[in-house]
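Two complexes come next, and they have one chain in common, chain A, joined by chain B in the first and chain C in the second.
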Partner chain A sequence: MSQRKRSRGSGFSQGDDGDEDFNLSQMPTHSQVQRNLERRSQDQVNQKVSELVQFLLVKDQKKIPIKRADILKKVIREYKDVYSEIINRAGRILQQVFGLQLVEIDTKHHIYILTSDLPRAEGENLHQDNQTAKLGLLIVILSFIFMKGNSAKDSAVWEFLRRLRVQPGERHEVFGDVKKLVTEEFVRQKYLEITPIPLTDPPEFNYQWGPRAAKETSKRDVLRFVAKVQGKDPTFWMSQYTEAEA
Partner chain B sequence: ENREDMLSSRSNRLTEALEEANKLFSGVSCAREAVLDAQFLVLASNLGKEKANELHSEMTAFDSVTFAEDLLTFMGINRIEVEENDSDSEGTSGGYLPSNAWHKLGEETEKYFRRAPSFHYMLGSFKSDPPVPRQRIERQKKTTGGEEKRAMPAQLKKMEESHQEATEKEVERILGLLQTHFKNDPDTPISFFDLVIDPNSFARTVENIFHVSFIIRDGFARLKLDDDKLPIIEPSKDNEGREDDYGAGARNQVVISLSQQEWK
Partner chain C sequence: NTAMAAQMTDAHRRFLQVLMSHGIMEGSEARKLHRRCCEIHKVYYAHDKLDDFISIINSHLQPLFMQIRKGVSEGDGRAHYALVNLAETEITKMASDYTENELELFRKTMDLIILSENGFASSTDILNLADQLKTKKMKKKEAEQVLKVFVEDKWLSEKNGEYTLHTRCIIEMEQYILSNYQDVARKCNICHSLAIQSQICESCGIAMHLPCVRKYFRAQTEPRCPQCNDVWSCDIP
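Coming up: the complex of A and B.
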């Protein structure tokens, strides 16, 4: 009995009210979770797992990474003491049923994304929307950054994009407000990381790959893309090739 | 300032600036100057790093200009012969980029990504009301289905028989019934409802009304309201009926509504 009380105490902060801030730093240990599991009915736990799977699928629609705090507050709630078990099971279901991978891209702040476990199937993309075009723009930027040594200045990036008829000041036929798309949407989705360069006036920025880009594609894949577009072998760019194969 | 200039691999300007800073530092005596010097060092090291980066990519010959050209080609640019060769100064090449250019590129790109497909419910998130039209169709189907079921085995063999003939037969049959009844009991008009209602089948009832309407239309019977304001039907004598047909105002239209509830 005293064991139970202790784990309960470490799992919750003040009260069992679902709206309270969850004391995130005190998550139960693995053995505590196993003990807590025994107290719960399997049906209830499975119900929570299903809810979490749905929650993750819907949250992923906009490709904005999902925070653990949101998961705890909106789905897990009073089942926080078995959180790790629920999230593990949810991850397994996503993988086995949907072919999706639940990836923690930030282990410090506990942020998750969904990626595909399976290689892209051949065939036409039936869901016609702007997402495909945006992906084209993204790979162009990611390629540029990688080929330039994994980071590029904002002025260099935009000068390059200008050659592709993409201007930050103009409204683009396909992308609309391109500047916003690149500097806000891609950054929020964690495809790009844009950091200010210190002591620059007017302020300048550094563009790098974001954690989602690193998980959804690879240097090797991007080099393959560049090689294909330019009709060359990836080994043409020796140092990038070496880096990509590392 | 002069950032691009300093970055150019051909220039030694960065080295010169560093050397000058070095010289100046010896004259530094107060804190503010030292701060400026420190700021300069940060700037210089940033520039130095960039220069090193440039050097790196030059060694491996990544040319972003040709990459951009190749991308445009991939996207399906339609290059027209541009007479004025001002494209270089603008930094962009001539040509017409089709509207699906980026989409085309995106489709190729998807092969290099492992992006989770966006999950959307097929039916949307709203609960839809049960479709009303479908219920009506079901009811109609029931009546026609019933008719087929009730057909005698003998009649089924005659599949070529048209609906029109079947209706006529029914009409004649009912007229026959009506006349027989009236012959037997001429003074009692038949309650319309007694005639048409089939206690076992609403569908049949509707059919009966349908058939009786033909009888009335053709003038073989008349509908009247009795003292209780309930409709009664009586066969008309042959000549009487036909005369009425051609008389002005002989025809009236009656709308009878009968719901399933009322029928019950």
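Coming up: the complex of A and C.
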């Protein structure tokens, strides 16, 4: 296994792209893949499928989005020529056995996440305690962004959090380095997207939902959450309600 | 074999997803989860059929070299369920998750734990390993962080500044440990499973898990070693 930065505490830039990735012109066609399959033993291909399933599960438990380049380098290796078959089978197994869907959230850089096919159950503690608290904070931020019209300036987000006694400068009892959690970990996990606003000095940033947030929750859920917290009906916020129900 | 023929339902899938996110679950938690999953997905539920329910899941996990395995905690003697890899050639699940030198630190920590008398390695001893790593040296501060992560991820558990293997780790790696530490790893004389924490007979050297000691000596007025019959010198927990 090569040296690979852990998700904890070692950010990698948002501008990561698949340098080592498959060149589109190199991708075998479906019929080529079928021919290549015949050259390999069933057992060997099945073994690769299992390895890929395990690899995807482990990565996803940490909420680390999975890059195709990593899949090819660490799991597929010399079976590149039947890659599409392996990943399709892995996807089917994930669905049939685990109820998980393999979703490509970035079709340009080929990045995947796993989402659950099963509806989230009320009161279900799916995550470990540390994770649950972080997700709580995340939902609050996502709600704020949605209620602000799907995009909010960093100053607004942090002012909002300050009112909840979550401050970037201080070490938070539960979240630790909050600034890092929000601007690095949540971004890396594709829950948030933070982009610089051009021509601002000092630099300002725009906070939006990341592709994983869009896949794992919905505007409707988030609006319901806000409504519940404020003790109002979701229709109180007509424009958000319309958008959420669309 | 009726288990093979039985289909996975969403109840099974939900159970598997939740177990996976916890890594390991205590028996009563697992039973509660079993019930909830069957309720949510309106699947037939019988309260004493958790093991059958799990067998169905296992029959579908087997081709993936994975399994839900039951093991007993060395601390409280309670049954726990964990999702494990069946491949015993390397620390497979960990390999995808940690860097080379983190894995090396873990392996060396595991050495210390298994070779120790009481199944624990002190924080000091582990941190001293950090700058001797062959793959890439680690500063003590970094090693402390890595240890914290191992505990969070349930590979190690910590008590009073000392570290032992987490129940989840033991369930997952029992075969790996028994084959790779063949001459050193102890097996409990009562239940014959791997014993990391144990009490040892001073006379003949057999080992027993603490919960096994408790159970075995419960009825006896004068605790004697089951192997050599000498008086059992350790305090009964």
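Annotations
As a convention for this text, the second predicted complex is superposed on the first by the 214 of 246 C-alpha atoms of A that agree within 3 Å, B and C clash if a C-alpha of one lies under 4 Å from a C-alpha of the other, contacts with A are read in each partner's own complex, and residues count from 1 in each chain.
Heads up, the rule we're going with is that contacts are C-beta pairs under 8 Å (C-beta built on N, C-alpha and C of every residue); 3 or more make two chains touch, one makes a residue touch a chain.
In this text the structure is predicted, and so the values were computed from the model without any measurement.
Of the two partner chains placed by the overlay, only chain B lies in contact with A:239; chain C stays clear of it.
Within the superposed three-chain model, A:174 lies in touch with chain B and out of touch with chain C [touch as defined at top].
Within the superposed three-chain model, A:88 lies out of touch with both chain B and chain C [touch as defined at top]. When the two structures are aligned on the shared chain, A:100 is found in touch with chain B and with chain C. When the two complexes are superposed, the chain touching more residues of chain A, out of chain B and chain C, is B.
Contacts of A:57 after superposition: both chain B and chain C are touched. Of the two partner chains, chain B and chain C are each touched by A:116. Of the two partner chains, neither chain B nor chain C is touched by A:195. For the contact definition in use here, the residues of chain A common to its chain B contact set and its chain C contact set are 57-58, 61, 100, 116-118, 125, 127. Put simply, chain B touches chain A in their complex at residues 39, 42-43, 46, 50, 53, 56-57, 59-62, 64-72, 74, 91-93, 97, 99, 101-120.
Chain C contributes residues 8, 10, 13-14, 16-18, 20-23, 36, 40, 57, 60-61, 63-66, 85, 92-93, 95-100, 102-103, 136, 145, 149, 152 to its touches with chain A in the complex.
On the side of chain A, the complex with chain C involves touching residues 1-6, 8-9, 46, 50, 53-55, 57-59, 61-62, 74, 93, 96-100, 116-118, 121, 124-128, 130.
For chain A in complex with chain B, the touching residues are 57-58, 60-61, 63, 100-101, 113-120, 125, 127, 131-140, 143-144, 147-149, 151, 153, 159-160, 162-165, 173-175, 197-199, 215-217, 221-222, 224-226, 228-231, 236-240.
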